[in-house]
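So, here's a batch of structures to check.
Below are two complexes that have chain A in common, paired first with chain B and then with chain C.
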Partner chain A sequence: MSNNNLSVISLVSIGEHPTSRRPRRAEQDARAIELGIKLVGDNLQTLHAGKLSDDPSQQTALRSYLGMGLSEIHLLEMSENADAVLVIAEYLKQQKIDIILTGVRAENGESSGMLPYLLAEQLGMAMVTSIAEILSIDEVNQQAEVLQALPRGQRRKLKIDLPFIASVDMAAAMPRQSAFGPAMRGQFEATQAATVTDQESSGWQVADAKKRPKRLKIIKAKTAADRFKAATAKASGGGGKVVHGVEESAQAILDLLVEEGLV
Partner chain B sequence: MSELFRRDPRAQWIARNRLHPMHQALVIGPVFGPSGLLRKNLHIIGFIGPNGLKRIDRSGASNDSEQGSRRSATASEVILPLHQVIEPAFYVVVVLDLVSGRLNGHDKDTLGLAQQLANRNCGNDNGGGAVVAIAFGELKDDSLDKAGVDRLIHINDEQYAHYNPEQRCNDLQGIIAELDPQHILLPDSINGGGDLGRRLAAAMKQRPACGVWKLNDDSVVCRGSAGKSDITRPLSKLMLVMEECSEPVSETRHENIEIPQKSSRLVDGKLLDQGNISVDPNAIPLAEAGFILSGGNGINDWAQFHHTASVLGATEGASRVAVDDGNMPRERQVGATGTWVTAQVYIAVGISGAIQHMQGIGQCDKVVAINTDEGCDMVKRADISAIGDSTEILARLVELVEQRKLAKQTINEGTSNE
Partner chain C sequence: MSSSEFLSQFLFTLISFAILLTLVGAVKRMLLWSQGQSSTIHWLGLLQIPRRYLVDLHHVVARDKYMSNTHVATAGGFVLSSILIILLYVFQLKLQILTWALLGSSLLMFVGSIFVMIRRRNPPPNLSLGKWQRLPKSLMVFSLSFFILTLPATGILPSDTGGWLLAVLLVAGIIWGIGEMFFGMTWGGPMKHAFAGALHLGLHRRQERFGNGQSTGLKAIDLSAKKLGVEKPIDFKWNQLLSFDACVECGRCENNCPAFAAGQPLNPKKLIQDMVIGMAGGDDAKFAGSPYPGIKVGTHKGGAIIPIVNVLVESDTLWSCTTCRACVDACPMMIEHVDAIVDMRRFETMEKGQTPGKGSEILENLSATDNPNGFDPSSRMNWAADQNLTVFGHDEKKQEVTEADVLLWIGDAAFDMRNQRTLRAIIKLLRAADVNFAVLGDAEFDSGDLARRLGDEATFQRLATSNISTMNKYQFKTIVTADPHAFHCIKNEYVEFGGNYNVMHHTGFFADLVTENKLLLDNSKELALTYHDPCYLGRYNGEYDAPRFLLESMGVKIKEMDRSKSTARCCGGGGGAPVTDIPGKQRIPDMRMADVVETKAEIVAVACPQCNLMLEGVVEPRPEVKDIAELMLDALIEGGIENTGEGVVVNMVGAQL
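Entry: the complex of A and B
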């Protein structure tokens, strides 16, 4: 695509493997980068707010983004538990950005998924959630067409005004592999950012997720006979209709499909 | 109420016992015919026992016509007690998802939690709060009163048939400014609730509690770190709640009074819905697909099967036999050993229904069976069973669907020409 005049920035975070809890590249952020690279190629800017460890072995998560073919990641340095929204908003206000790509939610911390919405509010941009693809960008009318991922594999086409923020869904194209060489060669361009501590979350208690109890089937029957029936009755389709004959069968099936809105 | 006939042993005992003070009241005296002869009505002698057979008690002077009369159990619907909030102390707002105009489980759980929040601190004199449900667009469900809706704000307009979160967010801000609710709850779902709630939070500058799954006294437990941790935090004004966060309301009826409300005017929407686009049904993962046409051992003409699936726009599935025979790829297998599907409509062609297959389709809403054998397990499970040759039925179905599409097209062309 020839979108050389566009300025696209993707916001990346450090992910966390669900089982081993090791830092990794966040899956949705990687998809956002993949989308960005397809859109503008080398002109994609990348931003991370956080702290970079001096130990190279601790940098692997961020470096794996570099390994996707980025030359550098802009780093807004702040302490680990600081609020990233204000810092990022402050930085982005000074730039002229057309499209901001993020993941839907972070893989660690509160992971409320609020960041793109707060940024959109602060920057006065349009916001579209869980996109799977950017179809086209009309720079004359300052509009873009995006595909939004819906449940059951459906897609919705949306027209959105530039500039906008989009959070990228897992339904977007798989991210490319991260190559080791480019990952090591890539640079971090760090700037010291103001630290805004999140006062509210300091009072929260965080524990490992407990398995949620399975909901019990509560039978509110008045009599013992009803309770017995409910406990022992075999689940059946109940009132299934049997149709004979080709014409009648086909018609009955078609009626069902029409009723369900599938044809 | 139960359908069983219950005998009343006490009444029977009174009827037998001529010395009992209530004996006369229960036993109707002897009936004499026109000629003066004592008449016995044989039909009213005795009573119907629990197994449905007539029993005649010959032990005493039992003339128990009372017992003979069947006390038929009235199978009337239980009317739940009405929960009224005449002057609400405060409001709890719930914004419903309403997928295709109906309440889903997530909506009901959210309403259940809202009722819990509305009634948790109400003592003797201070009444509880009222749950205000906000519904956008078409509302087909008529069970809102049983789901726990005290007040309803229904905003319906042509534009709400589409995806317009900015407009909805704007409307909500107006409603919230008017009602000043104590809590605002939205389902944290991919059907719009999660998106709308976060938009609202950003616009109201409120920090939401996302992924709430449990309410303790004055705190909530939320899922954080993309499901890896539990965060216990104080109750917040705006909460996005997960499924099964609370039991749905089941013991009370609610008033469901509609509060009239007009939609607000939003001038500059930055998002425009262009409608859903058609996706290749076979590109949808089988576990997510909403409409599946599944083939089994009973199919002879596989080319026709594929053609039917493409005409219907259905995702293809298969039973294990079809996969083992090499007619379908392994990733299309439905069942305990393949994929567990959750389709809205599942058409099983020539599948008799092995137990592993039935487990795999347990979550399906409507099942259609096309089979030659009327006694097979799939027919027992199915909502519609077509008994006959699958090749003929599918051919006829394809014809009907194509006719329908053609008719639709001509109507569309007719309207566009005008």
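Entry: the complex of A and C
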């Protein structure tokens, strides 16, 4: 695809490995970059809001994005308690951007997944969630065709007007390997961002999330073959159906509650 | 002017001219090598050339007795003849003794050339054809011409024998012979191996290899360099370029390469020849040996400043290598194939980010969790929950220690249920011998072997320096490990980063304990058993005896495989080959298991967790795979210490610490 006139920017965050909790390139953000590189190649811009550590070993997470072949990452320097949404929005308002790519949600911090929505609101752009691919871009009509990822491998083709914000799903193409050499040689171009303190979060209390209770899988199998089948068989869908009308919806909910023994 | 006078004058001109051209060719060749990157020039090595040639090189050649005798006659005859020819015809020293000597040396060379000719009649597939088929004829023509030429001078035949007819024939023969043997030496003929080979022996990048020495650790690179690894031929060190030119295309590497045998697209000989093509420029159409399996000869070309991968050499070729070092060990010219392959892999991984297969995932895991499979780093010691191990550390409440006789290096076997059995056996044996040992626990990281061989020098250096700084916090005399890869890394590759340790493989350590009677083994068992040498223990570290000693101490008569000790075939598990998983016609471990089956052994003893996994991965029915430590535990006579129930021993060890 040659989309030389297209201006695409990808927003990257510092991820966190689920078991070691070490900083790393966030999986969805990396997929967003992969998608962006495939779309516009070297013209992809990359933006990170935050502070860059002076210690090179603390830079590895951000640098691993550079290792994908980017020549630079634009850095909006802001303090820890600043509101990234406002900082980024402030910056993007001054640019002429066609497509903004983000992950669905951050791997640490608030991880609310709200950033793309709030940005879309601030910038007055359309927002499309969880895309797996950008299929085509019609620059004449200023429209793009994207593939949205739905559960269980389903995809939905959407047409969306430029400019837009898209959050990139894990279903998008795997990110390319990050190479050490380009990662070390890539540059950070830092600008001091407007200081916008996040007032809302200053009053919050933060507690560790509790694991959600998980339904036990009760297998009544008599033979090893049955147990094997139960362990390997995919949960078959098809139980769900779309219900219209208030009466029917309420009845369906009630039926489920009764079935589960809750009423 | 008689024909003999004409010959004498003509020879002066011809040989002087040939030597001049040879020198010009030599300079041109040296300019090719000098395109490479700078590297220490070991001038003193040049003085060692004769010794290295006669001892070190000949030691390798002599594994094939026929060829070594042939080479002694041919090469010896040629070198001697050349010196005499120059003295007689260029410096015109008309001494009768020299004439007789030349008669003898040319005869010796002629006899040698007959054997070369016989060998070349039905050449085995590892030999290159093409210009190499011409060589025995050239050797014969050269030696015969000078032999006949010298006959009249010795007085055996009257001068002017044969008249002008013979003179013309001799002139033709000498032009051919000198052309091949002198001119061809520096202008790319088959004799190039003698010229480049001699210099390569002297200026070798690993001087420590000579005189029964060892140098097997990969060399570190500066990570702040503008380019990491080798992209183009000129990115090799100059002495690596020289080494490629030394190749004599004997194909011993090809015969020993497990990837080639498995039908993966690698042939070490072709790879080295491709490097020569890259250095000098051209295409591979004239290559007359076995191709890379599955890749047609004549479809690739290269040049000194043209990227190598996917132009001259397919990336799959590089990633097929198991780094087993069988080619390096078999190479009479002491060429370092593995170094070159890893150099090119470094560029692929660190500059292009194109490690194939699961490589990229593994490297990412190593960055994030310090183990290749991405397990939770804090679960590293879970396997030993019931082992009551003493851990190095500073927390006295947890009974951690800062000092022990032995640091037991666990390795990534910690995460693998099969190899945990080996670890348990080792721990029981150590306790039975009353060894004071401790482990690093969660502070131990992967040794970096896999990362380094996948070309990720950056991750290797991070892991190595982390491990070194962890180990330097504690006092111990010896590191013992069951993993030859970790053994090799810590022993040979941590040195460049300031880690100097006394490292032992568990077989070496246990062999000492058995010798000192600290471990008593039942030697009455009769096991039909063979032993598989791990590459990183055997070829990399020369340890062939300790495992065999232990097996023999258990009363086992080892049914040796044909390919054993230094020619042992790799299990296919090294160098990240299981990770990159380049397809071939068959699997390397299957071939190795076929070797085992051939001996009619019921058990194959291994001494490496990787070999264990690869060989156990072969479908049954097949011989059982057991680590030597497991076999030892079966044969252990528990009498050295009273009541060696596990708990009691644990307490005893605990009490000592």
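What we mean here is this: the second predicted complex is superposed on the first by the 211 of 263 C-alpha atoms of A that agree within 3 Å, B and C clash if a C-alpha of one lies under 4 Å from a C-alpha of the other, contacts with A are read in each partner's own complex, and residues count from 1 in each chain.
Note that a residue touches a chain if its C-beta (ideal position, glycine included) is under 8 Å from a C-beta of that chain, and two chains touch if they have at least 3 such contacts.
Because the structure is a prediction, the values reported are computed rather than measured.
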item	value
Which of chain B and chain C A:Thr129 touches, first, second, both or neither	first
First, second, both or neither for A:Gly67, with chain B first and chain C second	second
Contacts of A:Glu189 with chain B and chain C, given as first, second, both or neither	neither
First (chain B), second (chain C), both or neither touched by A:Arg22	second
Comparing the two partners chain B and chain C, which touches a greater set of residues in chain A	B
First (chain B), second (chain C), both or neither touched by A:Asp138	neither
Touching partner for A:Arg176 - first (chain B), second (chain C), both, neither	second
First, second, both or neither for A:Ser112, with chain B first and chain C second	first
Chain B and chain C contact sites that coincide on chain A, given as residue numbers	none
Residue ranges of chain B touching chain A (in the complex, touch as defined)	1-2, 4, 100, 163, 190-191, 194-195, 198-199, 201-203, 207-208, 210-211, 213, 222-234, 244, 247, 250-251, 270-277, 279, 283-285, 288-291, 312-314, 344-345, 347, 366-368, 370, 374, 379-389, 392-393, 396-397, 399-401, 404-405
Chain C residues touching chain A - in the complex, by the definition given at the top	223-224, 227-228, 349-355, 359-360, 363-364, 367-370, 374-377, 456-459
Chain B contact footprint on chain A (complex, rising order)	16, 18, 21, 105-114, 117-118, 120-121, 126-130, 145, 147-148, 150-161, 164, 200-201, 203-210, 212, 215, 218, 220, 222-223, 225-226, 236-237, 239-247, 249-254, 256-258, 260-263
Residue ranges of chain A touching chain C (in the complex, touch as defined)	17, 19-20, 22, 24, 60, 67-69, 176-182, 184
